[in-house]
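First chain written, first letter: the chains are A, B, C and D, and each begins at residue 1.
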């Protein structure tokens, strides 16, 4: 309890907690879950966009998309490293992903059906992610906060690229504009879900906010996202698929409809459009890659033996 | 020798040899090889055309192509049945195909690269096949001769369909005409090879002709094919890729260049463009289908047991 | 009228896409008889597609043809259920899908063959004969493979479990379905569902397979043009020549 | 000039098609580091393609762009070697192909980077840095996997045996190659072959893999537009949007 109080005091003073320092077990576990889930989201998040790389409509768009998906794998790498500082290996985390014991962001269980979805994902999904992540640059755990700094920088670049795709589509042919509107229709509510259910329903929030693992409430962030995104949609000439959406002068923000939380929980339970495909693809990649990883480590062992023998 | 002389006398009188009748071992073996190879060619021959079914340019063309490939499987079925009357099972024949112990027509080791190839295969490949097969309707072995009657009827239908594709292409846009010419360029010599090397080089010919397993020499059939096909090419407005091609009034037939027999033997050795793909596809189909075949026969066994128990 | 166009596209697109998937087996089947039967099924389905899309084009009245509908619409405009666009998987999965779809298709065409809309009734009657045969064949194979070896049983059960959450879409009525039912042209989907469920239960029972407990209507939206990621690839392949050589005749 | 256009298309198409195949791995690699490296390789190759096809379009002088060359030619007009269009196979096959191609690509670009044609030399110099890195990486993986476990050794040997008959096409000179060599723009392919063979032997030796005895020039023709059956499918997928929405901007 003494240690706990001191720990809390450090956090309250705005100090960063570093890997080898003492921390409460709950703090460690929560961080592993949160950072791990974030890492998994980056990895699984390669798939919906990867789905359009081979069909990107120009060489330049193909390069931009490839670079983006590569960045996502890179983010996964930083985040797994941050997680490893908490005493869990990347392979253990993968195993938990593959067994379903750990989750990834539900948004990636939605399919990418047209090229406009590459725009919508950059604009809305990365936009929502940034909204979640910017405050986490000030999170109390050092390696996590530093990973966030790096990631946020790249994400905002991705968001601009996504918006630029939406712009081209929205200003393009009628067919392109239709794809853009359809992408917004499909990704709007799932993006709102990315902030999680209302905090009223979340039991861990208070502790996590005290620990500065969570900085803002889900509802705060969701409101902020809507406030920023609606004018962007208007600028694109697209219609947000919410008939209750209107500006509220009192709160200086938009009133908007809640997403369908039943759908959210169904997707979480595995009944989303692509849960099986996504997890299946990752499991297959892992299983198919086993001989590769074993080959590399066998070689490393042999080399170590050879070095020892040579000494 | 007495039996042999009588056997030969029957054949000379134009009698048909039927399954349960006595026949020389060499006759039986040669027939198994020839009918089996023909059956294998029908089965492997599904693949080059199967390659364009999913990309057929109209619904009608798709139906025609599907029907054709289905016919080929059907021909395989008759021919394996004819072969089985000689005391070898279909599964044994498949095993020999898969192990490389038995061959199929080398023509199917060439790729189908454009839609015009569907025309060229019907026109040239089926055309050459018919040229080979029409005389075999009079072959001495009953089941084989009867299978040939049925097959020839369908093949000539396929040939007309192929020619009709070539016609559309040759009279179509410049791009289509280019594809048609390219298909003719690629399939001309391989089609000539379908009749086999000059009989001068073939050791078995004389015996097989005496047995009426082979009716005409390879060179005769090849000449007949050229004579029939060249005017068809002219009618299409396409150029046969042979600068030495010319009408020879003396022989009332065309002089033409020999195909590159080195290429023929290379393809036979396995160095054709698609040998590995074709055999690989068939092996995979067979291996992947093992559980299916085993399931069906296990069910049949159970049913037999159930019937016995019920009696 | 727009409802009728959409509804006819559903019939045509189901046949087209399932026919396409079936045709992918050509030359790769597990036995020669199966190669023949699969090609035959594909051929029948493409034939049905041609009739339904032909009528759809007429009803639309904008001068489009069945080929144009098949070859020049992008995925968003396709109206087939997701079940038929899924990749084939192994032959067991292909057969299980055929069975689950045929059992619906058979009931639907049976009703449509007595539709007061004579054009619809004619096409349905033609297609029904072939689909009845397909259903018999698929049911028979499901039984034999389900009650075959341990492996064939396991594969058929896995196929069923995988496909089950896609089956509900066939019976999930939307405004288009309701409009067609109310117009008296099409049957009530919930009636079909009752009969489908009975057939499916019977056959699965005989096949010693277990009906999944999972919701059967997890994956819907295809009928409204919201497909799986698989359809786009299928269309890119299918439509290549018409897209690359616009206006050419074949 | 037409020879130069064709020759530049060969350079551009090799990069485009190999880049495409490599990009198919995105998100499906055997390890996170590999996912990143494969995406990076694909990215580099698409970049090279853009430069080479850009120059090809200029040389052609008919107002086409790199994108139009990439997206609006059909298979017969593609000039890549068959090696790069083969399906990926397992990751071992993908790496082995990259190694076999990079070893050629590296020698070629090294020579081209001092070509008297300054445009060619500039592009080659830019690409060379990336290709040198790719070759290092691929060589390293070939060695480690070849000399890894029994399984990894067997897979790498199978990959080598499968790909070997496609490698000769890179060194089989035709009129286009000869014209470019005679014009002093491109190196003699037989010189490249000598150096390629030395590199390949060294690395395979270190990898404990056996050089196949089979002819290495069995599968040629890609450079003249006679491809494998695989390229058509690849292009149908790659070109779909440009074909389906002609003239749209993205």
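Note that contacts are C-beta pairs under 8 Å (C-beta built on N, C-alpha and C of every residue); 3 or more make two chains touch, one makes a residue touch a chain.
Nothing here was measured: the structure is a model prediction, and the numbers come from that model.
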item: Option reproducing the contacts of B-C, where over half of them reappear, out of A-C, B-D or A-D; value: A-D
item: Rounded Å distance, chain A centre to chain D centre (Cα mean); value: 35
item: Separation of chain C from chain D, taking each centre as the mean of its C-alpha atoms, in whole Å; value: 41
item: Where chain C touches two or more other chains, by residue; value: 74, 232, 236-237, 240
item: Overlap residues in chain A, where contacts from two or more other chains coincide; value: 55, 175
item: Contact graph of the chains (line, ring, star, complete, other); value: other
item: Each pair of chains that touches, named by its two labels; value: A-C, A-D, B-C, B-D, C-D
item: Chain B to chain C touching residues, read off their complex; value: 43, 46-47, 50, 53-63, 66-67, 69-70, 73-74, 76-77, 80, 90, 115, 165, 168-169, 172-173, 175-176, 281, 284-286, 288-300, 302
item: Chain A - residues contacting chain C, complex; value: 51, 55, 111-114, 175, 178-179, 182, 186, 266, 271, 273-274, 276-277
item: Chain C to chain D touching residues, read off their complex; value: 74, 232-233, 235-237, 239-240, 243-244, 246
item: Chain D residues touching chain B - in the complex, by the definition given at the top; value: 74-76, 162, 165, 215, 218-219, 221, 226-229, 232, 236
item: For the chain D and chain A complex, residues of the former touching the latter; value: 16, 20, 23-24, 26-36, 39-40, 42-43, 46-47, 49-50, 53, 66-67, 70-71, 90-92, 143-145, 147-149, 151-153, 155, 237-238, 240-242, 245, 247-250
